[in-house]
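In order of appearance the chains are A, B, C and D, and numbering begins at 1 in each one.
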Amino acid sequence: MKVLITGVSSVPGRLVAELLSRNGHQVMGIDRRPWPGAPSQIPVHRVDLRKRPAEDVFRTFRPEAVVHMATVSYLERSSDDLRHNNLGSTKKVFEYCHNHGAKKAIFVGRHTVYGAASDSPIYHFEDAPPMAGSLYPELADLVAADLYAGQALWRYPELDSVILRIVYELGPHRHSTLATFLEGPKIPTILGFDPLFQFMHEHDIARAIVSALDHSIRGVFNVAGPTPVPLSLLAHETGRTPISLPEVLFPFITGRFGFSRLPPAALDHIKYPILVDDRAFRKATKFAHSYDESDAMIGFRTGDAAKTTNKV
Amino acid sequence: MVPVSDEMMKRVHALDLPFNRYGIDPYGIQASTLAEVFTVLSWLYYSYFRVHVSGLANVPSAGRSMLVGNHSGGWALDGIMTMTALFLEPEPPRLAQGMAERFIGRAPLIGQMAKAMGAIVGIPENATHLLEHERLLLVYPEGAKGTEKLYSERNSLVDFGTGFLRLALRTRTPIIPVAFVGGGEAIPTIFNLYKLARRLGVPYIPITPWGLAVPRPTTLQIYFGEPIWFEGDGNEEDVIILRWVNEVKEAIAKLISKGVEERHRIEINRTKATAKTPW
Amino acid sequence: MKVLITGVSSVPGRLVAELLSRNGHQVMGIDRRPWPGAPSQIPVHRVDLRKRPAEDVFRTFRPEAVVHMATVSYLERSSDDLRHNNLGSTKKVFEYCHNHGAKKAIFVGRHTVYGAASDSPIYHFEDAPPMAGSLYPELADLVAADLYAGQALWRYPELDSVILRIVYELGPHRHSTLATFLEGPKIPTILGFDPLFQFMHEHDIARAIVSALDHSIRGVFNVAGPTPVPLSLLAHETGRTPISLPEVLFPFITGRFGFSRLPPAALDHIKYPILVDDRAFRKATKFAHSYDESDAMIGFRTGDAAKTTNKV
Amino acid sequence: MVPVSDEMMKRVHALDLPFNRYGIDPYGIQASTLAEVFTVLSWLYYSYFRVHVSGLANVPSAGRSMLVGNHSGGWALDGIMTMTALFLEPEPPRLAQGMAERFIGRAPLIGQMAKAMGAIVGIPENATHLLEHERLLLVYPEGAKGTEKLYSERNSLVDFGTGFLRLALRTRTPIIPVAFVGGGEAIPTIFNLYKLARRLGVPYIPITPWGLAVPRPTTLQIYFGEPIWFEGDGNEEDVIILRWVNEVKEAIAKLISKGVEERHRIEINRTKATAKTPW
């Protein structure tokens, strides 16, 4: 199958591209950033998704499936230029898919769209309202992109659209929203709160995306891996020192004194959990994670992709 | 940290919960917290209070069930002691997971501990999720109005919500009526502070003859009634639902009456027992 | 037909309810606010859409169609409690529709979801990305509610969902986002900018909603009326005095010195136009507005609902 | 405000635009602004410059068309004079609507005036909308690179974008090549300021021998070529599109050559004419 991957130069983008290529698919990538040392069988086009040259890639390659991974979250970037990137580029990708005969489009979204709030359900199902936009302005664009992608399900009935809301990524590449938070040696936590964090190993994320491609599914799906763990345990197991501080001190310490940086609006994310129920996805694709919570945390700590346990 | 006995740890691991290698279940219940807290609660259960339990065989040893109880006492003493009874008495032990008020979600420390013990913010989505995962749910349809009862109202029931019954129907869960008697004697509320409470972010503060609502060591009685099954899909008309809610309410009221009736005899036994072990 | 209207106590809610009732439908309303003097044949239930008693109304009335008008925009309200009202209540309404056998659901949304930006298309089509959420945090919830409502189109195929994005309302009742802005005698405008405003008469809005009900349509539709007019003309014709001020002075004058109040984030709304193309709606429903731009402006000024022109 | 002649107002109302009772069309074009601005422009057109127009019959009197031109002169003089020619010369007059740079959308005053004259921020959605409403579109596929041309490059063409051609195909619009000659003589750019320009938020600032880019009163020549129709849906491969773009480019180049060739003769005529009306 001919598969086009947007945002291919990101860590999960590369992993998905390599996995698909190993599985015998013909893979092409789009990204504004370079992928130095990309395998020769995976051509990468350095174009902006919202500009015409991106459509030319669709026009000439005519992919059967598109994996749209070119979404950014505010913890990674914050420049104004990128503020509307997700919604604008998502619109274009689905339009290109429709115009150029793609049969399947996978939007790789995040579980953070549900928002972290004290009174939200402990596990979110796919039909839960994605509250993050009004809770955190920085996430409004991501929520809109996710919901806009979902509209392709009725707007383009000929296209099998899949919206994945994937939990945090963690693993040896150390390049993700959660990895950024776990950067510093001291991890700030809020006194009296120890929320559960749901994450998966980067290789499992790539495998999950590939299963979404391999099975004939359409719709919105939560994607998760092993049992979530409390923030304090996450910090310990990744070799960091969790330090509990009263909430009022937070604005003064993040990003200083060896503490990880944290945008002010993200505070609720270390007070309240965001957990998703992934039964629908597992049922539809037979996906099972192969790295447990310990593998992911130790993988992140050691930078070693090997499994530490014998679980499958 | 509290020194935990082997026996207590053994009971924790006998629970039908999918703990991971760190002793954490998917709802954030922590094996170590359970062991520590139940160590403290078992002292209260066996030594501070005299707890009389009846009808334990009505609680199934596995699978989803909904314990529906009356409120008794100015705060969650009823729920905590019911949880403790179900953890200490049956073989295997069971963890009753309480539906807490929303403020539990926001409260630092106490909220965190409640969650590590299995409490869940009381919204329908959470109750449904627990039941679908074959958990044992503990609900109080009287809501906060139930814990506000004064001493004189201690063995009465206020209006029941109807949400629990539609939930039981939707999830095909049996309802087990539970009566709690003695909470009103342990924490005899003479009045509630409302204004100050609002300022502190809680619904009310119960005041006892000795001021704060520290319970005195009285007899507590817990009665588990026979499971009640209702057939339906949860979309029935209100009039039908209300009839069924009243069936549950009457079952609890009957158990309460039984408890009130038996209370005198049980307390005499208690006096005899404590006469033997003076502390 | 049995029609349930949420937000029935709002001005457009009442107009739709009365129009439907006159057309022979059996109408029931839900609103937290009272409707003093509601016609006896339109029972109003004062319940919160997100609470159980609201579902009881669906359960007992079993409406065939639901018109969801209980959305608020930030220019009208701003308390924190209401911040998530739109998304949460929209989720519930569609869930109730699905659970209790409704055949049609109309979400009454706003054209402001597209956002006001200098480089956006002069006319937005229904597939344009609704940018307002990331531009104005206050609108994020409205955008999410609109897009979430759109998901019902594939989630509940048995339910004919219609998402209307209606332009500003203007008319004798003087109770709308635009009316609030036109409240003061002096209307602040930004020096060097005179954006087009697209609005319709309140009676035309009610008629448009009723046509969406009367025709078997599903999908997302822009709804507009007469030709848009520049802000300066709008101010003049409604009997106000437009006063052009340099943009930098704005934070100091709105809401004072007789100037209308304006939230800071709304500034772009008086710099750049938000215009929608409504051809799809007109084609699908044969809707034609009967009040032109002059009728709406003069109606607002005089408080008189009579048409001033003979246009139909 | 500028005093407007009846003749000018009559021409404005002869335009095929759906003005409402306030003289405003759905794109915000204002009849009063058109009348005022064209009053000023007609003086420039007839009296300051000597404008020579050829091939007007190639511009249809109604319906969608895309005028595709070359840039000539350091700023929008080419577009403005082409608009003026089409407003003043044919019967009925036509309004050519220009696709402007994005900064027009943000710029106070000047941006507002451009919009009231029919200019539109140059994004594909806007162009499509105008064409679907049977408007006359004026595009410059050379983009900003075209207006940056120095005096020595004045009659050459830089690379064309391809967007306009796909747009014409998608909307089934004929392309009318337009050549503009003389802009380089009117505003002979000797170099462009880039650093200062960036600070002022514009792409560049052209500098002429007399400093600022105030045009001198020279001859301007506008040639409208025959409409070119392409058959397709706009999703053709790049190689095909590029071939067709080159066809358009060559048509324009041919018109430019013709203009350069004729320029001397036209200027002589001009000298004779101005000798008669000295100002």
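Couple of notes before you dig in:
By our rule, contacts are C-beta pairs under 8 Å (C-beta built on N, C-alpha and C of every residue); 3 or more make two chains touch, one makes a residue touch a chain.
This structure is a prediction, so every number in the text was calculated from the model and none was measured.
The geometric centre of subunit A is 35 Å away from that of subunit C, both derived from CA atoms. Chain geometry summary: the mean Cα position of subunit B and that of subunit D are 80 Å apart.
Per-chain CA centroids place subunit A at a distance of 40 Å from subunit B. Taking each chain's centre as the mean of its C-alpha atoms, subunit B lies 47 Å from subunit C.
For subunit C, residues touching at least two other chains, in rising order: 128. Taken together, the touching pairs give a contact graph of some other shape, not a line, ring, star or complete one.
Chain pairs that touch one another are A-B, A-C, A-D, B-C, C-D. Remark: subunit C residues 52, 56, 59-60, 99-100 touch subunit B in the complex. If you check the complex, the residues on subunit D that touch subunit C are 18, 20-22, 24-28, 30, 102, 105-112, 116, 120-121, 123, 125-126, 129. Taken in their complex, subunit D has these residues touching subunit A: 162-163, 235, 237-238.
Residues 83-84, 87-88, 90-91, 95, 127-131, 133-135, 137, 140-141, 143-145, 147-148, 150-151, 153-155, 219-220 of subunit C touch subunit A in their complex.
For subunit A in complex with subunit B, the touching residues are 118-119, 121-123, 125, 128, 190-194, 196, 226-230, 233, 247, 272-273, 277, 292-294.
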